[in-house]
Amino acid sequence: MNIFIEYAIWIYLLPFVAFVINIFFGKRLPRQGDWVSVGAVLISLALSVAMFVGMLLNYDPDFTQEISFSWISLGSFNVSLGFLVDNITITMLLVVSLISSMSHIFSLKYMEGDVRYSRYYAYLSLFTFSMNGIVVANNLMLLYMSWELVGLSSYLLIGHWYEKKSASDAGMKAFLTNRVGDIGFFIGIMLLFTAIGSVAYTDIFAGVANGKVVGSFLGLSILTWAGIGLFMGAMGKSAQFPLHIWLPDAMEGPTPVSALMHAATMVAAGVFMMVRLFPIISPDALIFVAYIGGITAIFASLIAITQNDIKKVLAYSTVSQLGYMIMSVGTGAYVAAFFHLMIHAAFKANLFYGSGSVIHSMHHALHKKHDHDTDPQDMRNMGGFKNKMPITYWSMLASTLAISGIPLFSGFLSKDAILAGTLSFASHHPQHFLLPIFGFGAALITAFYMFRLIFMTFHNEPKRPDLYEDIHESPLEMTFPLVLLGALSFFIFYTIPYFNPFSDQGWFTQMIQAKTSLVAGAPTAHEIADGIHHSHVTAMILSLLVAATGILLAWQMYYKRNLSAESWANKMGVLYNLSLNKFYVDELYERFIYNPFYKLAGAVAHLDWDLYDKYVIDGFGKVTNWISKISGITDYDGLDQGIVDGFGRVAQQFGYRLKGLQTGRLQNYILFAAVGMLLIIIIQTII
Amino acid sequence: MINEQVAQKLETQFPGAVIVQEEPVEDCIMLTSDQWQDVAKFLRDDPELKFDSLQCITGVDLGDENPMDVRYNLHSMSLLHKIEIRIPVKKDNPTIPSIEKIWRIGDWFEREVYDMYGIRFEGHRDLRRMLLPEDWEGWPLRKDYETPQTYHGMVVPKVKS
Amino acid sequence: MGSLHNYLMIASVLFSLGIFAVMTRRNGIAVLMGVELILNAANLNFIAFARFGGMNISGHIFALFVIIMAAAEAAVALAIIINLYNNFKSVNVDEARQLKQ
Amino acid sequence: MGYLEHKFEDNIIVTKLDKLLSWARSTSPWYFQFGLACCAIEMMAAAASRHDLERIGMMPRSSPRQADVMIVAGTVSIKMAERVKRLYDQMADPKYVIAMGSCATSGGPYWQHGYHVLKGVDLIIPVDVYIPGCPPRPESLIEGLIKLQEKIRGERPLTKEKDA
Amino acid sequence: MNGLFESGFMLIVGLTIAGLVIFGLMAAIAIIAVYIERKVSAFMQDRIGPMGQGAGLHAGKWGLLQTVADSLKLLLKEDIIPKAADRKLFILAPYIIFIAAFIAIAALPFNQVLIAVNLNIGVFYILAVSSLGIIGLILAGWASDNKWSLYGGMRSAAQIISYEIPAALSIVSVIMLTGTLSMQGIIQSQAGTILGFIPNWTIFNNPFSFIAFFVFFIAGVAETNRTPFDIPEAESELVAGFHTEYSGMRWAFFFLSEYANMFVVCGVTVTAFLGGWLSPISGVMDSPTWGLFWFMSKIGVLIFIMMWFRWTFPRLRVDQLMNVSWKYLLPIALFNIFGVGLWILLVG
Amino acid sequence: MSIIRGEEMVLNIGPQHPSTHGVLRLKVKTDGEIVSEITPVIGYLHRCFEKHCENITYEQVIPYTDRCDYIAAMNNSFGYVIAIEEMMDIHVPERVEYIRVIMAELNRIASHLLALGTNGLDIGAFTPFLYMFRDREYILDLFETVCGARLLYNYMWVGGLSHDLPVGFVEAAYKFLDNFEPQIDEYNNLLMYNKIFVERTADVGVLPADVAINYGVSGPNLRGSGVKWDLRKNEPYSIYDRFEFDIPVGEGIMGSVGDCWDRYWVRIQEMRESVKIVRQALKQLPSEGDIHEAIPRKIRPPKGSIYKRTESPRGDLGYYIVSDGKPKPFRVKMRSPAFTAMSVLDEISRGWMLSDVLAILGSLDIVLGEIDR
Amino acid sequence: MADVIFWVIAGITVLSAFIVVLNKNLIHSAVALLFTFFGVAGLYAFLWADFMAGAQVMIYIGGILVLIMFGIMLTNKIQSVNISHSSMQKNAGAVVVVAILGLLIWMIQKTPWKITTAEEPIQTTGQIGNLLMSEYLLPFEVASILLLAALIGAAMLSRKTK
């Protein structure tokens, strides 16, 4: 077995072992077994760093290793499971292990004293295991299984504090919403499987390239439907409009969980899957993908402007950024999407940890004041924390700059690439001019609301002076991930060995190179890269402009207070309300999906009980009644009673005789059956 | 002192329940049996008395033609005071209301008194012999009790030399 | 050691006895025992065919499935019988005929 | 009665076997865990660590069917007497009874006014060994048991009884 | 014709001799084990146990002949069949239990050559025939016409059935490792060492089989109805459980079978997990005689542990007992199978 | 085996049964293993104590009180003699008071040891029972040196004691206490914190405080239910007000307050407290004094009645004594704590399993001699 | 010799099956069933089906028969150990059954059975396992679902209605 595969399998399985140990024995172990999980994930991290370094040293963009073994073998029907390691996998493994281990470390303090501490760590390990499963899978089956496991662990972790109704509801919501997407995903897998007869990536790629997937449905080719189906899964998992509703609610879970799963890794699984499967997605499906992504990006960022809950802002920001990535995949710049995924994972996780740090200290301050009514997550109660929590502040600021796309910071590189991709796409297909508008619009708004967050939380005078004195910097276990991830917000780590802050050239672009789509008629990788290259400068300038505008607006409104946020809100009126209420998506679902279904069920019940029973069945009864009345009259008055009664008596006599047979005793019937069988056999033999 | 208070309280609450004592008995209250159940409930529930614990029920046969006594020792765990209630019953047809529903332990105490003295507690759910066999004859602790010679063929008094 | 015929004969005797029990016993549990006899007879045939009739291991597997089925059947049947007992205070199958007029 | 008991004429083999059997019986008299009153506590004390009845082969059994010796430890009340008799009847032959303490031997302190006390358990079941004391010390009990063992060792289980 | 008679005759003689040997073995095991148990319990309780003291002729030094005397006494004790009891079943029940234990011992490999029947499906056979004993317990409980007996019989049947499942599942993980059902095969596949010095016994083979050992052993303790799983014969509750009404020889059969069952359970544990007759130091002292020694001493250690349990733990309640089986041992056993599979896949 | 269903079955536990602590018979109605009703049938040890008392003189009653609660004989005669002393207004010498307290507390330890041991035995642990018996023997040795008897002492007399302390008793008592105290931890390790024991007793047979009071339950059983009630503190008799000790009450450490485990725990703690008291009493014991000093020549209490309670190891032990001025008591009624404890059994064991009933019965610590008298 | 043993076992099987069917005491029937099952297991052993014999003993005796005994004990008053139960339509049944038996025997005699002489397998367990995991995987899974359903169904049926 090759060393890379072996490492990957260890990385994959170690968290599972930790999960098993913790779920069964966690409570009995010292420290409730947290060290098992932390140890496992740290070993995973070490291994993935080793793999990553190995990848960098062995320069080979086409590096692939695969192993598979038979799982189900039924005559001709074979399902094999296996692992695939290539540069994407290695990079993604690093991201997952890094964020996950940071999360584990962060939780040591954040979750200290929780009632289900060991269970929490067990679930974290389960998540890490299943996320790694998505990454290392070489086939759709294992991918799907891990996919569902990820969903499960997400459900478990969101509902970690299940005593809180909102938390358990949120878990349920996440689970159900994901199911909607997963149905599509499964349909997509099944479409491919029926057409190709295998679930392994290599077979599928080969099959698509050979044109095995034929036929069309409703005017679109089966391949397009499969692509849309697969994308449905990504929509659910990566919280794309209109299935994004679960993600903000999922913030009910513990903050490290939000950082790990609902910002950095799990939600990126959808993007990762699209990246993996990009070569087989047809152009028609990609258009759909791009629009969904674009809409999500702008839509979520609009909502984020008005949120006051610090984690909600970040949640919508996440949705928006995921929309970016999806849009980028749709426009063909999927490498850029993956690049952004990685960078986003680092800075968004950092932002969440930062918010967790703030919430943690708010929580303690409130606890000290015995104030249990104030929401520790509400930004309106914060302000001026900059001096009290310098580490948190600076690291968060770095990440904010990164997400806003400021040069010298990591976000600039990937965002730039994505925007360039959309521009290029729009220039090739002018009818899709909306996509770059979505992109730049979202960039503008992102810069605005992120700085709003920073200013409201860390700058100006404290809004609750009574709490202010109790605000403290978090302990080392919590600040360490902040510092580490904050550092990763700088461009330098992504452009090694080049040091050009304005170009995304670096190890990443060398190692991970776009593959040409296997679908006939799609633009080649080279064409896409060319397009991006051409629109690079334009995109850069535009994006710098919009970012600066956003930051400036925020500066004026929330730092200088030159522009009154309230008056703007009033001016915007309807729009503000729309944004504040998240565009009423939940309410719309309530009205147009849940209620109609309730009503439909009610209507069906009504139909059955009140209409069908009352009129049809009872109607029959009435008619029969009526007829019988008439016939009764004719019977008694008209017909000769003798004849009728005679028949009746004969029948009665028969019945009386035959009643003996109808004993209700099972054994009698069996006896008769046996006799009958004997008779039949005898008759048959005689004849 | 508590006896007098209780006696007064009972007199006002249940006129006629308290028997005026001829000879001074320093620490007990004599009651008639007819209102005993209500009195007992009152004794348990009244916030100033709160006799929540029935310590003991003792039957006493005063000998000869005197009536038999049933004596109740009550105690309050919360207020830390105690009294003794005495209720005389006639020797021929001795009956008295049962208080087993007021103090649950009364159930067994009353059965024991019934077993030993033959005093019938009216309203008792399950008034059976308790210590002696069901078909035992006589009430052993009455002063005029005669030990039976045999029971189920077993010799009861000592016969060995 | 007998040939196929011997085994088939034994099996048919067991089968007939099972049928007899099912037909004549009143007690539900006795009926169940009859059913077990029938199943055993069938199993014996399977294994005999596996040995003599060239059915090979497949015969064993069929018998195994029959045993599994018997286990499931016994569990459910006894649950039903116990329910019957709780409702009718009797396990005689001929007394449980409320459906009869 | 067992299958073989008292079926044989006296001869050398039977005598040897007799010896073996009475040895076996005397060495492993299992007693019936059956306490009535105060003496039961002393019986427990005798079985406990310091005195350890198991030294002399005694083993407690809670079912009368498997016990050889019934130690009537304590006052036998009249209500209980019928039960004692029934338990004795349930024991398998050969069976032995020890009346432990003065109550079981004669009614003890309750002999005069105890209208509900049986004046000695020997009124209902045959007793092999009487142990005096109120209550007898564990040492007395052990002494009594050893007396019983001696008695058992003198028996000849297989030989036909002469006077029968 | 003559040859057939001869071989048939020899077969019967052989079977009789084997039977007698096994019976003698069982009796010896029971007598020795009871003596040891009484001594062990005595020492654990600050006593000295049977010392053969008493009047005159005593039962050997340190009471060595105590259990011999006990069994002799039981032989000639009256055996009572209660009037209300179901005579036939009352008589049949102890024999069923006894036969179950008897034919299970036949498949135990005492050393490289000493095994009465070396079956292809040895482990499975022992598991199967040990389930026969349950019927005997139920019958004993039922036929006695005593409520305590009935409770005891039904409790023990429910208990043994429940614990058979985790026991069998733990054995499955052994079978997965060794790839054979034959007792000798299982032992032979445990030969050799790990890392050069740890014997390659199943218990040391991997973490999962290590757990499986404990699951099997606990289930085994429960199957032999010993404390803390002795609710079928819980003295303080059920007097003496299913054998309350038995006396004399019949009762001795129960006693004999209980200890024989202990021996079988420990024997299977030793075979499946502790390398059977293999020497703990690979290649040293591995002649058949030593094999017998190793096998018996390993069993001795396990039996001692069982006794230790008995004189240390209180007793579980019925529902807690079932919980232990269904909620703890069964899932662990299932997980073990999975784990062993994974181990074989990754390491083996 | 909750699967056994059908009609209810009536089980007869006792009068001969390994775990009825004597000759008690329980008619247990069960539905499968679940107990639906328990009817205790008592009286198998009815030895006519009260009838005897009416026929013998006051001082002759003392041996009979011993035999009522044969596990804590000292405590029983203690209650009787102080009742008579109170009637006759006798004040006993200091030394007598101290010796009485020492004996009573030692006997309390012995009694608790037996109670705890048999409780363990009911749950199936045989070994702790023997350990506790082993330690109990040392206390009996002390008693034996004092009065010559192991179990039933006839030691406390009205106005005094039968014998003075022998030479070397104090040292022997100290030695015993020093040896005994660490043993308690051993019992705890062996039984009280054993997982199985906790499973069997925690949350089982919960006796709520109000039910306990209504049933007249007293002593460790009442304290196990969390009621801080101890006559030694609440109504100090003899010289108990001179000692410092705590009253342990059930706290529901392993389950809920008032479960079997709490009752067990309270007894263990009480042993520690008794050791404390004995130590203090030994320290303060006056070295001189004639123990026969206050013994009256004729014991004839004045006409009248008295109800006197003392704290026996099982709870409030009350004597109701009626005197008519003659040398024989007119009526002696003994209110025994085990009697009330027994009566609550049905109430707290309904709905539990058969095995639990015996655990509950064991935890109530009943002595049949005292119930049946 | 083996022939003798075969016929002894066959005799036990058939005889005890007769007792199962004809005995008036239900629990005696159950005990006779034990011998029938054991006899059938013995016959399996003659047919080289050692694993099946083990399975027969384990499942039929250790499982089903215990269940049946539990069933008998749970559905009868425990006051008396003798549970008699009656039969019905015995005569008609006997006639029919004898007819069926005759028919079967006639058929067995008449049919020209194809008899192949197979070699004794070295071990059956492995082969059964392999077949179960390959050719009969679907039935195997279905059987496991059947067992699960039976488990749940039995639990549902016999649970206490509160």
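To keep things simple, chains are lettered A, B, C, D, E, F and G as they appear, and every chain counts its residues starting from 1.
Simple rule for what comes next: a contact is a pair of C-beta atoms (placed from the backbone, for glycine too) under 8 Å apart; a residue touches a chain by one contact, two chains touch by 3 or more.
Source: prediction; values computed, not measured.
Q: Identify the chains adjacent to both subunit B and subunit F in the sense defined at the top.
A: Expected: D.
Q: Suppose chain centres are the mean of their C-alpha atoms. Which chain sits farthest from subunit C?
A: B
Q: Counting C-beta pairs in contact, which comes out ahead: D-E or E-F?
A: Counting C-beta pairs in contact for E-F and D-E gives the edge to D-E.
Q: Could you name the chain whose CA centroid falls nearest to the centroid of all protein CA atoms?
A: The most central chain, going by mean C-alpha position, is E.
Q: Which chain is most remote from subunit D in terms of Cα centres?
A: Computed centres place A farthest from subunit D.
Q: With centres defined as the mean C-alpha position, give me the subunit A-subunit F separation in Å.
A: 68
Q: Find the geometric centre of each of subunit D and subunit G from their Cα atoms only, then give the gap between the two centres in Å, rounded to an integer.
A: Comparing mean C-alpha positions, subunit G is 51 Å from subunit D.
Q: Where in subunit C do residues touch at least two different other chains?
A: 19, 23-25, 82, 85, 94
Q: Mark out which residues of subunit E touch at least two other chains, giving numbers and ranges.
A: Residues 45-47, 147, 154, 235, 239.
Q: Give me the residues of subunit B that touch two or more other chains.
A: Residues 131-133, 140, 145.
Q: What does subunit E use to touch subunit G in their complex?
A: 4, 7-8, 11, 84-86, 88-89, 92, 96, 119-121, 124-125, 127-129, 131-132, 134-135, 138-139, 142-143, 145, 147, 150, 154, 157, 161, 164, 181
Q: Provide the residue numbers of subunit D that touch subunit E in the complex, in ascending order.
A: 1-5, 20-21, 23-28, 30, 48-49, 52, 54-57, 59, 61-63, 65-66, 68, 90, 92-94, 145-147, 149-150, 153, 157
Q: Which bits of subunit B are touching subunit D when the two form their complex?
A: Residues 131-133, 140, 145, 147-148, 151-152, 154-160 of subunit B touch subunit D in their complex.
Q: For subunit B, which residues are in contact with subunit F within the complex?
A: Residues 28, 52-56, 58, 60-61, 71, 73, 77, 80, 84, 103-105, 107-108, 116, 129-133, 140-141, 145 of subunit B touch subunit F in their complex.
Q: How about subunit A: which of its residues touch subunit G in the complex?
A: Residues in contact with subunit G: 72-75, 665, 667-668, 671, 674-675, 678, 681.
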